[in-house]
Structures are given as C-alpha cells and as structure tokens.
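Each chain gets a letter, A, B, C and D, in the order it is written, and its residues are counted from 1.
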Amino acid sequence: MLGYAFMGKAHSNAYKTLAYMVWPPPYLPRLVAIAGRREQAVAEAAARYGFESHATDWARLIEDERVELFDNSGPNDLHAEPSVAAARAGKHVLCEKPLGRDAAESHDTWRAVEDAGVKHMCAFNYRFVPAVRLAREMLAAGDLGELFHFRARYLQDWGPTTERRWRFDKRAAGSGAVGDLGAHVVDLARYLVGEIDSVSAVVTTFQAEREVDDAFEAALRFSNGAVGTLEASRFCAGRRNSLTFEVNGSRGSIAFDLERLNELQVYLSDSTPGARAQGFRTVIVSEADHPFWRWWWPHGHVIGWEHTFVHEIAHLLTAIREDVDVGPHGATFEDGYRAAEVCDAILRSGESGRREEVDYRA
Amino acid sequence: MLGYAFMGKAHSNAYKTLAYMVWPPPYLPRLVAIAGRREQAVAEAAARYGFESHATDWARLIEDERVELFDNSGPNDLHAEPSVAAARAGKHVLCEKPLGRDAAESHDTWRAVEDAGVKHMCAFNYRFVPAVRLAREMLAAGDLGELFHFRARYLQDWGPTTERRWRFDKRAAGSGAVGDLGAHVVDLARYLVGEIDSVSAVVTTFQAEREVDDAFEAALRFSNGAVGTLEASRFCAGRRNSLTFEVNGSRGSIAFDLERLNELQVYLSDSTPGARAQGFRTVIVSEADHPFWRWWWPHGHVIGWEHTFVHEIAHLLTAIREDVDVGPHGATFEDGYRAAEVCDAILRSGESGRREEVDYRA
Amino acid sequence: MLGYAFMGKAHSNAYKTLAYMVWPPPYLPRLVAIAGRREQAVAEAAARYGFESHATDWARLIEDERVELFDNSGPNDLHAEPSVAAARAGKHVLCEKPLGRDAAESHDTWRAVEDAGVKHMCAFNYRFVPAVRLAREMLAAGDLGELFHFRARYLQDWGPTTERRWRFDKRAAGSGAVGDLGAHVVDLARYLVGEIDSVSAVVTTFQAEREVDDAFEAALRFSNGAVGTLEASRFCAGRRNSLTFEVNGSRGSIAFDLERLNELQVYLSDSTPGARAQGFRTVIVSEADHPFWRWWWPHGHVIGWEHTFVHEIAHLLTAIREDVDVGPHGATFEDGYRAAEVCDAILRSGESGRREEVDYRA
Amino acid sequence: MLGYAFMGKAHSNAYKTLAYMVWPPPYLPRLVAIAGRREQAVAEAAARYGFESHATDWARLIEDERVELFDNSGPNDLHAEPSVAAARAGKHVLCEKPLGRDAAESHDTWRAVEDAGVKHMCAFNYRFVPAVRLAREMLAAGDLGELFHFRARYLQDWGPTTERRWRFDKRAAGSGAVGDLGAHVVDLARYLVGEIDSVSAVVTTFQAEREVDDAFEAALRFSNGAVGTLEASRFCAGRRNSLTFEVNGSRGSIAFDLERLNELQVYLSDSTPGARAQGFRTVIVSEADHPFWRWWWPHGHVIGWEHTFVHEIAHLLTAIREDVDVGPHGATFEDGYRAAEVCDAILRSGESGRREEVDYRA
C-alpha cells in the first residue's frame, strides 16, 4: 500500500475486516508492506494497521515479489507513475480517485495499466454503498422506466480555512472540489444513468489566494436524453459530508443521502396495493438477500461509511480470484478516465462560458 | 355560537369558508348570533367574524328562533347546560371537546341531547385530517391485518407558566392535560383501533400549586387484543403541537404527526413490485379522489390545521341535510362520553395505582 | 377579478378570509365583479365566491367605477392588456405570475402600469410563506454572513399527459416549466440572495409534440459572487409540488421545502450554548411575534398553501391604504419583469449553448 | 469467548478492529480461545475470527491461564454460571445482556463476580453510541434543566414466525421482548435519567403457543419526579431495529433513533443567536473532539451499529489497564442486576394489574 493517511487507514481496515465479514473470503489478504514519505509515521502506521514491513520509497513495493496487489492510497500526484509501474511489474492495481490530475494523465494511466494485462480498479467506493447498489439494480431492471433527470451534489464545509493542505495545491491535486468531490458524483451519474454528453458549468474559487476551485455548478445532458445538475462545494456550512442524488423516471424516482447511507428513498408510480397510499418509501437497505448485506448483521443494524471499502475490496479480490471483469459494478481505470473527461469539461466550460461536449477517447 | 376565543375563531372561519371550498355546500350557513361574557369583546368578534348579532347571555341564542344549529365553542364548564338547553329547544348541537368535565357530566349531556332527537357532534376535529381519514379507511379495509399496537402522544410545551388560565382551573376545566390533550388521542384510539378495555396510568402535576394534571402516561388494552401507550403533556420543550400516533398490524404499519398533517407514513408488508424496496412511505395525502381533497387544491398544495374544522362542519351540515348518522366518521356525543370514560379511568388509575377497567354505560 | 379557475379561487378565498385573520384589516374588500369567458361558469363562480356581479368581457371591469383594485388571475396571455387597461383607468393592479409571456411583454406591462401611477404587485406568493419571510429576515440581517450558494428546484409530476391544457400552448403560456415553475424560483433567488448576472442552461422537452419546455437545468452567477443551480420540471414522479431551496453562507445555511411549508431548516455555525450540538434545526415557523403569524393560531397549529395569498393580499391592501411601497417584500411589476429577463436568458442559453448575461432595462 | 453467533461475531470483530481504530489501544487483544457447543461450527468461527483455539466446553476457557478476560456472548441461560466461574478464576468478565434470566439470578451473578474482585461489565452497548454519550453528557451538565419525561421504545418486526428459536424458550431466555429489547431501554432510562421507582405495565403474547412475552407497554415513575413510558415489541411491521427515545426537560429536549444512530435531535430553549429560529437540531455526532470520534473518520463520515462494541471493549480494556471504575459510562454487573429488577417489576405488574415498586437489593 502506498499512503497511510485518511485513505490508507480506510483501505487497511477493509483488508483486515474482510475475513470477518465475507466468509469464506475470496482471499485472506496478507499486508506485506506500506510506503510513505515520513519514516516515523509510516513505521507507526505499519505497526497499527498490521503491515509486515514499511518503506519510504514506493518503488520498494514494486520490486517486492510478495506484493500481488498494489493499493495506491497516495495523493493525486502519486497516482499515475506508481500505478503504472506496479502494473508493469505484473501487480493488480487499486487506485484512489481521481485517477489522475486531469483527463490526459488519467488516459495515459488507464492505457498503460490496461496494456499491462492486470486487473485495475479506481476506488469510487460509493458504488459499494448497499443503497446505491439497490438503486443501480432497480435502474438496470427498468423499474423507473425512461429516465428524465439526475441531480447530485456533494457538499462539505471545511473550505473556509487558511490551513495549507495538499488538496489546495494545484500541482499535487490537479483541481479542487471538481476532482475531489465532483469526481464522485460524476461517477455515480455514469454508473446510474449513463454516459454524459455535455456540460454547462460555473466554476468558482471563493478564497482569493487559493489555486484550485472551491465549488462548481453544472447543467448536463446525458446520451439517453436525461438532463440534470451536478454540483460540488467545500463551502456549505453545516453540510459535513452531504452527497445526495435523485433520479426521476417515467415510472418512479429514487433519492439518496450519504449521511443516511443505510436508507434509499424510492417512489414507484404504480405499486399496489394501497393505490391511494403512494409516496416516497424510506427503505432501510439491510435485507438478508442484498448482495452485500448477507455478510453483516440482522435487518436494521446499520453499517457505516468505512464498509464501502470492505465491499469494494471484496469485489476486487473476487474479480482477481475468478478472473472476471471488475465492471460493471467496480469502476475500472477506464471509468476513472471517463470521469476525468467530464471533470475536465466542467473546468473548460467554467473558463469558456460555453456548453462543452465530452469526448471520450478509446 | 357560544364563545369567541380560540375555538370560536376556528369555527367561525370554517362556516365562512365552507361555500368557497365545498361546492355546492350542504347549506349556506347564516351566522345569526354569537354569545360571550364580555360585551365589548363579543361585539368586536361579531363584527370581525360576520355574525348578525351578539349577546352576553347564551340563553338569548336558545330563544332565538333563527338559530337552527347551536355551536358550543365555550369553555368546558359551559358545555353541558347550554348544549342540553339548545337541544331541548330543537336545535342541532356541535360541542367542543371534552364533552363534559368528567364522565358523569358527559353521560348526562349525551343522554339529554340524544333524547331531544337532534343531531349532535363532539368536535374531535382531528378525525377530519385527510391523513387520519386515510388511516381510518385503510384500517377499516383491513390493509394492516390484525392489529397489535397503538401508541399516541399529544405533547405541547406551554405548561411551565405562572399565568392564570381557565385551563388550570379545576372547576372550569375538569382536568388538565387529560381532558384537553388526552381526550384527542383517546378519541383517535377509539376511531382507529376500537374500544379501550383498561388503562394503567401515571398522572402527574409538575407545577406544585396547580389544581389540574400537567401530564399522564398510560399503558392500555383494547377489546380486540391490541395493546399500546397513550400520553399527553404540556411540559415537552420544543414540542409545539405534537400529536403523533402509530398503529402496527400483522400486514403493515401507519404513523402520523400533526405538525406534518398533510403526510401519512404507511408501511405495507407485501406490496409489489419492488419487493426489496420495502419501507415506510411518506404519503402526501392530497389526492384528487380523497373525500376531503376534491374541495381544495391540486395535489401537493398542502392545507393547514384550521381546515379540519371546514371538513367537520361540512360533515355535520351534510348529516343534518340528508338526515343521516353523524357517525362513524363524525364523533357523536356518545363518542364524547366514551372518551370521557377513558379519561376518568386514566385519572382513577393514577390515583389507585391499579389497572382500571373502562365501563361504558348505555 | 379576471379569472375564476385555480388562481381565481385562491385569490377569492383570500379576500373573503382576510377580515377573519387580519384584524383590523387594512380594508374590508367588497367583491364587486368577476370576469371570465364562459357565462355559465363565471356565474357559478360569482355565486360561490360571493361576487356581486359577473361579466364575460373583462373590459366591463375596467369600466366599472366601483372597482378600485383589479385582480388579474387569468391565463398568461391575458396578463398584459387587461392589467395595463386597468391601471390606465386608475385601478391598482395585482397580476398573477409570470407577468408576461416574455421579457419584452413584461417590460411593456411594467412601464405602462408604473407610468399610470397606481400600486402594482406581481403575485409571487411564496414570498409570503412565513418560513420564507424568516429566511429573508435572517439573510437581510446578515445571520448567514457572506453568501456562497443558492440552489433551488421546483418539481412537479403532471407533465406526462396527453391532455390539452393552455399551459402547453406556446401562444397562451409563453413558455412551459420556465415561466410556470421557474419564475417562482427565479423570484425567490432575487428576493433572498440578490440580482442574477448570468445563466448557463439546458432546456428540454421530453414529450415530442409539445410546444413548450418540460424542464430546465441552469447554473448561475449572482452579482454578489454567489453561485448556484436553478431547476424546474414537470416530469419528476412523486414530486407533487416540491419547491425546495438552500442557501449556504460563511456563517450558516438555510433550507426550505414547500411541501413542509411551516418548517425552515436553519444551521448557524457559532450558536451557543451547546457548542458540540450543532446541526440543522427544524424550525416550525409559527411564533407569535412573526409578522404573519399573529393573525393565525397558537404555536404549532400549522397553516396551508392557500394562506400565502391571504398574506399577500393583506400586504398589498396595507400598501394601498398607507400609500407606501409594495416592495421589498411584495414583488412589484418591476420584479415581475426582472424575473422574466432571467427566464428569457435561461431559454436563450438553452438555444445558444452559451452562458447568457442577464441585462435589466430601466 | 463463549458463543460464536450474532454477538460472538460482533464482539470478535471489535477486538480485531480495536487497534485500527484506537491508537494506541489500551491493550492489543490476543484472541486465545472460543467455546461453543457444536464442534464444527466453533472450529470454523475460530478460523474466521482469528482465535488461536476452540473448545466445545466453556470450562476449558476457565482453566486456560492465558485467558485474562472472559467474554460471555452465549445465550441467556449460560450467563450466570460461566461468568461466575470465570471471575472466581480471576478473569475479568464481559457478559452480554440480560445479565440473568431474572433479577434473582442477576443479583447472584453480580454479587459473586463483585466478590471475586475482578472488573465486570454488562454489554449494554447502546451506551456507547456517540449520540447517546452526547445525550448523557448534556443531561449530566444540566443542559436540559429539570427532567419531566422519558419515553423509549424498542420495536422490531420478526416476532410473527413459527420458527423455533432459543429466544422463544422460557428456560433459555427467561423472558421475551422484556429481557431482550426491554432491558436495553431500561438501561438507557437509568443511564440518562436516573433510577426507576415504579412501573404500571401491560405484558402480552400475541402468538398463542409462545412461552414468552411478545411485547410490553409500561408507564413509569423515576426517583427524580420524571415520568414516562417504556415499550418493546417484536410485532411492529416495518420497524427493523427501531430503538427510539426522547427526554424532555425544563430547558430543552433530546431525541434519538437507533436506525439513524449518527444523529441526535437536540432542542435547547434559550440558545442564541437567532432567537426566533428555535427548533430541534439534527446533530450529526461525529465531531473531532467527541470521546469516541477521534478514532474514526472526518466529520460526517458515519459509523455503524457494530462500532458500539469497539467503543465498549476499548472502554473496558482501559478500565482494566488503568484499574479504574467501569462506571458510570460502562454498565457494571450491578447495572445489569438493576435493569433486571425493573424488567421483573414490568412482568409482575403485567400479572398483578398493579403499579409495582422496584426494590433494589444491595
């Protein structure tokens, strides 16, 4: 694993919890080595999270023959090179989002890793929220009919700060709210509704000296005729981690809120009985037959944010073990690249003031 | 009309609004006269609410041959005598709840008015919330199957005051939270679930010098085997007018909150399609085919608390015009009496510490 | 009054209810005459709503010297000419929104009526929701600090129909969701946050043969630096009358939902005590000291959608009686015009694919 | 550890996760041995959860000198004897609730374990929900003033089944909903509000052939003058795991719902600024300075039900390491006994029809 901060902790926990929750697990992961820049901190992380060794140079992990899966939880400017190196060394790769700092870097990374012939997954973990999976299954089954609207926003409130963080540094991060938060809702738009054709966006930076965007607002068109809005911001007081979305179709609607991640709001136009008792249902998504839920607890015993990573890593290890596609439920590096194309179109539209088409390269 | 304060205003408004909303209305009410103790105040009320005349002695209304319906919106100690007098003078009677200050007074009033052969209704207006009517219809149709539980509470927060009010005066009010708020949830229990067999209660007065109860808590048994809790209090900070109830049955559940009176929460165990998407539905009860709603606005344009009185009075006038029963949707004076028996049993149980049976007299 | 349908009923009810609720009322309105195209229907409406006379030609109302206030509740293509004629005849004018079918017609109407020297108000009734007024007062007082975001959407679900309605007829309506629903959220954006500078929009028609738009999505910039999204649609299954908005500022946030119009969600960053207990508050806006609420009921006894019209008309009559400005709380015809400029810019941007500046004419 | 089913899994996971989340942890637990009746199942559990050995006789764990903490996650009829044996062998004891099948057994267990001089904790894990801890801290600090009401209910919906389970077997379980669900809300009542003086209850069994109660309803009095209701049922359709409570005091109110366990509803009467914007706040309890939260994730990244066990076990291990009291935040065996006294009083009152005093023995 590369990285021992926020994402490093979340991923480490998932590997360790895996066998508790998924039984039998696809593999029993062995935490071989963790890399990070600061010797003392990475040594402590190794002890805490149970890695057998640590290194201050990620290249040590690439050379390490015991490593079969390279988990890239580092900052954005360390996504491309280490991921490609790992893949070329024959290791499967899991990389945090955004895949690269822009679409070009993301495309290069995808192509290089794809060409190496390994399994690759971009860690869009919200695909692995049980409620999101249920939404996807209902949409795929046509339960909502023809789709008209998708609106999503990812709002946080820690933007107004004078602290220095790598997420405000354009070279390290690529972009601000667009790549950090926006990439998540772009990916969900693609996962749930389909490919995005064009975006008309406003991109803004509220804090004058800041290099990256603080927020964006976008109107968008999908290939299938649906339209909608996307939005992300770090300047929304009281919104701690508020990723919400809604889909409206000819036969129903679905709504979700990450701060209540065990719930899905579902409206179905023609459900019977009780024809007069129509309304949005608050579904507590913890049924025994849910693809994720059989691992957890009895109905109604809710899970937390971190468990998305358990599901995600179980999914990847299963794909590796059974040698099957990571998609459509797992986001491949191609999905990571395509999300980056939309993010770039948002940034371009913010600059140009024009509706920008999204062109996906092969 | 007797009384021009809170309830007098609410009832007056309903008579006036009737023809706007119910078309054609069963009658076009003529507001003949209003009575109240203080000359100046009742004169102003007559002007404001559009009554043709006013009086400081309610007996004037009884003598007035133009009066065909006597609306008793006065304080509790003026419910019995004027209502009986009006009925004996051949006038139909609508009386605010509680019907009397205790079960004995309520029984006498009911019997006397019933014997007079006029239509009578006790103003349990929450039966006329569209969402409550929908709940009743679903329960009557068996949509929830066998009933197991009913729990209701009516919570307000104005109790901690040193002001003098007639509602704190035992002679005028009969009881405190029990008769004022408790009577409403007792009536809803009877309307929705059925007759109450016994109660085990705690009754308390938090403010030392106060003559009447501030709150009660009760466990109860229904004749049909269901069990539940009832509660009312004026000492619940932040609960402005919070009447909530929930019914659980073998096939579903229903929940309601008066502060969101346009909504009903409905859970149905076996609804299809979307077998995995089960959950409580937030039904906005404003469908065009609802017995009340056809009078109002397009779907989703919510109504307010005062409109329960419009529905109630339309219901009573229709019963008068068509000479049909006020029940089962309208509460008769018998319902008023029966609610009083349950309230008395709650007070008795609070004193005795025993489970008290509720005995209804004929 | 011109018009006896949905809006005619709502306005009529408000005039009649006024004296009940606002005491003393600024005026006791006399309902002199109502006009509509179909003789039988307008005659029945006159009887039902209590108008003294009726006419099939609106010009009769203009000639009628008893008419001092002309209430234009007719369809969009009857907003301009009758309103101007009434003003030129010296009558004050209340006109339903949108003021005209486009910005040009709206501008002409405003200028002509303004030049006539009468009071004029465009019926953006949602300004008169108590919760919206509270939001405005908090924003005006700076409680939220510097404003960053405004997002609003007005979603309904009756669009998928093959019925013919005047709202689908371009000549009668001017536009579809843009003028019908969008105008409301545009007006709230201006009322709460400030002037809108530019919009980047997608405008769409889902139903092939339809002349007008079914939905729009827009990203926008305000003069004060805030950014946001606006959206309206008639194709959102399960969203009956869902007008929601949210404002985020440096010191707090506010959120609103018309289907729960008695509530305002308020987050204040620095409120004490209970520094650790920060979160969005569900404020039931029914306090005795609220400018509208003193007319109604005790705290927590909620009101309905129709009461916005009572507040609105009380406001206008007070402005007439005291000869003061209708603004800032009442929307003048200038506000009606300015909202139309934003709506036109949304439609232009949908066509051009460019960010469109909003230019307001004097 | 004794037991490998639902609770065994939850506890095992917590020991394993501890070091990931609590750093440095009080101890790094070594999972020495697990016992269960069925050889094959306990062997698999040992492999899955990482225990070094397994046994089909719990006495092996008592004899095992490596075992320093005995975790009793077995069924109710295996709480008393093994816990006492472990304590007498000098091992600290963590025992699932209810402590015994009735108050007498619970009292014997408490006294015997207390006399052995080891640390003991009864696993009332809901004390370790962050939102519940915040509620306790606010109550202990007097933020709500004088307490008037506590109402709590624990509702589930799996009761209507013909399956045989040990929870329906009186000898194994002691009681039904009373000991299983009721014990939790009794413990929270004591933890948050104080000692319970008396209860007036209805206890019922809906399914005819069942040995144990399916539900109870109780009105109660606390020593400090507060009154309230307690309720538990397994027959509430749609209520998966619905433990809710509310406290009302002279200065505010608090409400909680286990299905949204990251949230606490808080109303404070006198909070400023924004005196007019009073209402229940939805507090997302995930602040960096919360005693549990510093271990987890950034603000708003919610946790799940299982994490209550991580907090609970971290608390116990800290108490062992620092040799300090398990209380007041951890429930001791005395707390387990006292909850059992209240449960017994509920059952007695159900039988006798009288208000039953709760007498706590030393």
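Note that a contact is a pair of C-beta atoms (placed from the backbone, for glycine too) under 8 Å apart; a residue touches a chain by one contact, two chains touch by 3 or more.
Worth saying up front: this structure is predicted, and the values here are computed from it rather than measured.
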Contact-richer chain pair [B-C vs A-C]: A-C
Gap in Å, rounded to a whole number, between the CA centres of chain B and chain A: 53
Whole-Å separation of chain centres (CA-atom averages), chain B against chain C: 35
Distance from chain C to chain A - Cα centre to Cα centre, in angstrom: 40
Contacts with two or more other chains, residues of chain C listed in rising order: 239, 278-280, 284
Topology of the chain contact graph, where touching chains are joined (line, ring, star, complete, other): complete
Residues of chain D that touch chain B when the two form their complex: 144, 148-149, 151, 153, 155, 160, 200-202, 204, 206, 215, 217-221, 225, 227-229, 231, 233, 235-239, 248-253, 267, 269, 278-280, 349, 353-355
Of chain D, residues touching chain C in the complex: 134, 138, 143, 263-264, 266, 268, 271-274, 276-284, 287, 289-290
Sites on chain A touched by chain D in the complex: 6, 9-10, 12-13, 16-17, 19-21, 23, 48-50, 156, 158, 239-242, 259-262, 284, 286, 296-307
